[in-house]
Amino acid sequence: MVDIQNQKDLRNLPIDRVGVKNLRYPVTVLDRVNKVQHTVAWVNMDVNLPHHFRGTHMSRFIEILNAHHRELHIDKIGTILQQMKDRLKAEEARMEIRFPYFIEKHAPVSEATSLMEYQCIYCGVLTHRPDFILGVDVPITTLCPCSKEMSVQGAHNQRSIVRIRVRTNAFVWIEELVEYAEQSASSPLYALLKREDEKAVTEQAYARPMFVEDMVRDVALKLENDKRIVWYAVESENMESIHNHDAYARIENPKTIP
Amino acid sequence: MVDIQNQKDLRNLPIDRVGVKNLRYPVTVLDRVNKVQHTVAWVNMDVNLPHHFRGTHMSRFIEILNAHHRELHIDKIGTILQQMKDRLKAEEARMEIRFPYFIEKHAPVSEATSLMEYQCIYCGVLTHRPDFILGVDVPITTLCPCSKEMSVQGAHNQRSIVRIRVRTNAFVWIEELVEYAEQSASSPLYALLKREDEKAVTEQAYARPMFVEDMVRDVALKLENDKRIVWYAVESENMESIHNHDAYARIENPKTIP
Amino acid sequence: MVDIQNQKDLRNLPIDRVGVKNLRYPVTVLDRVNKVQHTVAWVNMDVNLPHHFRGTHMSRFIEILNAHHRELHIDKIGTILQQMKDRLKAEEARMEIRFPYFIEKHAPVSEATSLMEYQCIYCGVLTHRPDFILGVDVPITTLCPCSKEMSVQGAHNQRSIVRIRVRTNAFVWIEELVEYAEQSASSPLYALLKREDEKAVTEQAYARPMFVEDMVRDVALKLENDKRIVWYAVESENMESIHNHDAYARIENPKTIP
Amino acid sequence: MVDIQNQKDLRNLPIDRVGVKNLRYPVTVLDRVNKVQHTVAWVNMDVNLPHHFRGTHMSRFIEILNAHHRELHIDKIGTILQQMKDRLKAEEARMEIRFPYFIEKHAPVSEATSLMEYQCIYCGVLTHRPDFILGVDVPITTLCPCSKEMSVQGAHNQRSIVRIRVRTNAFVWIEELVEYAEQSASSPLYALLKREDEKAVTEQAYARPMFVEDMVRDVALKLENDKRIVWYAVESENMESIHNHDAYARIENPKTIP
């Protein structure tokens, strides 16, 4: 059969990225408490394509992935990127996986345990050297300082999402990034709160009002002070309880504090 | 050309519904203040298919719709259902359109105006006689009565969605259903609130705590007392500010109060 | 502390369903080949609430779930429903879980293996006796019979989704429902196809053109003939490659063939 | 009342972007045939915040928007960005609006007219000078060259999305970008095709097989040759009819052809 993908291409246009997207695959992730955790990922894989080739061989992405026998361990991404470069004869390979990750939490008073889910992302790019970004989206409570200050009683509060993305020079647990976000929040979230816990988180949130701007700054400060982190971006988005739109803030990378 | 859709089918299985789904179309809706409002809808249209026909003629759905010249007026749905029955030789025709609808609101103290968006749905089924359901999803604030009662200060609150669906024996404005939901809420939402308004809605919400159960009951009571409404379903869903899951309640149709 | 949820309610309106929604939880599912499979679910749980109680105790849903230690086995749903009825003093309990499920497939010629993902749903309701529905969404290829018949060469084809829901009187594997859909399709889908496989599936699809109406009828016939299945609904939805809307068909329950 | 947002902030961290997100608003867009078109947008607006301010005044974004009386004309975005800079005392202002846009199309043989919807995006950033990006997502058909070459009959094909983003030095119609994508495709899509049209588009697609790589290159060539376009990015994503994942390609900006 003719290998159409290997045909010469005369349009003289290299392609930055070509590959497969939105593939589902079971993965295993390192878990600080339980060693490993089974979860299910969305996977994107792509490579660059020089100007003289008409197409890439899409099935090779899947062959590389399927060599990992029903479950991909997340720390194999470096190896997979090298295999992508080799087998697809590319100068750059990229892989992105997104997955839900569960952490057992203890309610603040009753100590009742429950599982909280955090959406994570792990993205690797390999050219001459590898570049990895780890990310986690942490849902939290924020309580509005302005509403508290002005109002005789009460203050509007809401579920918010803090999105942290980091490049590191040493291993960082997902759990550590989650803690940075939850320690900065008006209150962490829990799947299970008994009555005494609900009282505690309500009062804690009221005592720690945070603007969306405060959230990104407080998380950024913690990332600034963590020597393992060499780049970061932090976003926060509040599903405002008094509006039907969201409040949003973002800081990327300054590392301004020596 | 052979008309494959008209071929005899020997499997002896009638099809309940066959048609087109997820079509986008501009629509015009009656607006209580501004007479008409232009918006953009998602449209589903389908009919039943007797057991002896192999297929329906999908293009006829679109022809019927496109006769409405770049913009469909929502009160034409009855006519369209009849055209669907006639042109597709069906015993039952169904059409569902979902669209965003905007209402100008005034902030409670400053009277500053802003537009709020509400997702609406209009669904018609025609067999021997027509059956219409009107629906609107109203985002509101709910403040937790339990959290308020137990806590020294503050109370958790959040954005919630109230979903109302009604069958009526007389005309009902979208605006009236929105009012039923907003009057029952701890507070309505607004796109624009100045500082004095934010104080007012915070204090109002604190003064009117509502469980998700309270919300569906209070809206249901208003629908019970509206003589034009002959059937209803009310759901409420709270994006809990202290959890990463939602609280949910639903009442359908009782009309228990004579 | 006052138990606000247990307060008397005077609105005289029972609530059909009240509970938690969109909770994420790790689950284990029976796997025909590998015994069990780890995956991650979306969970909804609710109960009815008599007219004289103001609220339900939402935390009890989570306590019941969390007793299952970091991973819920899907065949525990019957037990959980009974616990929900008991602990929440309800007459009706309902639980719905949705999860991705993976099946290893062999390409038709090369026999190359790869994992395909299928979205599943398992829904249980317990009043006096339990009622369970199992469902699976199977992505497949459909090739248009009309386009093939009319055109000198080629025929439009597309990815479609077949949604099967069944009530059964005996155990049915997810894998069996997947096979019913894939055997009815113009072609099954595969994550990995080598060149010889791509030729085979292209030619098979061209040889087996299927309208959306054909799909639901052929799957329905297989479900009619399976004595373990006592009720079913089948939908098919084609992401038409020549339109930007979808074609849709649905059959529910007839069991017309004796 | 204390102006909490104006309080001094001592964390010494400027914020790159702070504002409102996911706001819905009616907009008017220039239409090549009908002069203007009414549609409904998603709106994001944000500004930078210097390190010494604690918070921004979120309500001002909405006040600026609401000055546009129930409908925002898209060519007012430049003015709005300047107002955002002025009223929020910012060095950088950004606004992004996404909206569905309808174009009337004529079927290739019958000339039957129907409306097709295209998702558009318009994004402006103003620092010292303004920077605008116009984008449109065009759904099309792609037919696989490899599948056609290898198979005795037929070829797999599917719905694909081409995403074009451009910076320009002169006015460019949305309609022109749509044409670039549709002229490059195996076939454009239509909402309404009669039987003779379905035959024509099937045969055209079979005669013009296109890889996802071909799509991005052919669109990129057209953008290279359009002197008004000074930067571009083109993506294409195929909802593969033989897989449950998508094929993807992207080219950004080369302008390599002199």
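Order of writing sets the labels: A, B, C and D. Residues in every chain begin at 1.
To be clear about the criterion, a residue touches a chain if its C-beta (ideal position, glycine included) is under 8 Å from a C-beta of that chain, and two chains touch if they have at least 3 such contacts.
The structure presented is a predicted model; accordingly, all values stated were derived computationally and were not measured.
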*From the centre of chain C, which chain's CA centre is farthest?*
D
*Copy pair chain B, chain C: interface residue numbering same or different (half cut)*: same
*Between chain B and chain C, tell me the centre distance in angstrom, where each centre is the average of that chain's C-alpha atoms.*
26
*With chain centres taken as the means of their Cα atoms, state the distance from chain C to chain D in Å.*
34
_Shared interface positions of chain B, touching two or more other chains_ = 1, 23-24, 117, 146, 150, 191, 193, 195, 199, 244-245
*Considering only which chains touch which, how would you classify the arrangement: line, ring, star, complete or other?*
complete
*What residues of chain B sit close enough to touch chain D in their complex?*
1, 23-26, 34, 38-40, 59, 62-63, 66, 70, 100, 102, 104, 112-115, 117, 191-195, 199
_Touch list for chain B against partner chain C, complex_ = 1-2, 4-5, 9, 11-24, 44, 46, 49, 54-56, 58, 145-146, 149-150, 211-214, 216-218, 220-221, 237, 244-252, 254, 256-257
*What residues on chain B touch chain A, complex-wise?*
116-117, 139, 141, 143-144, 146-148, 150-159, 187, 189-191, 193, 195, 198-199, 201-203, 205-206, 239-245
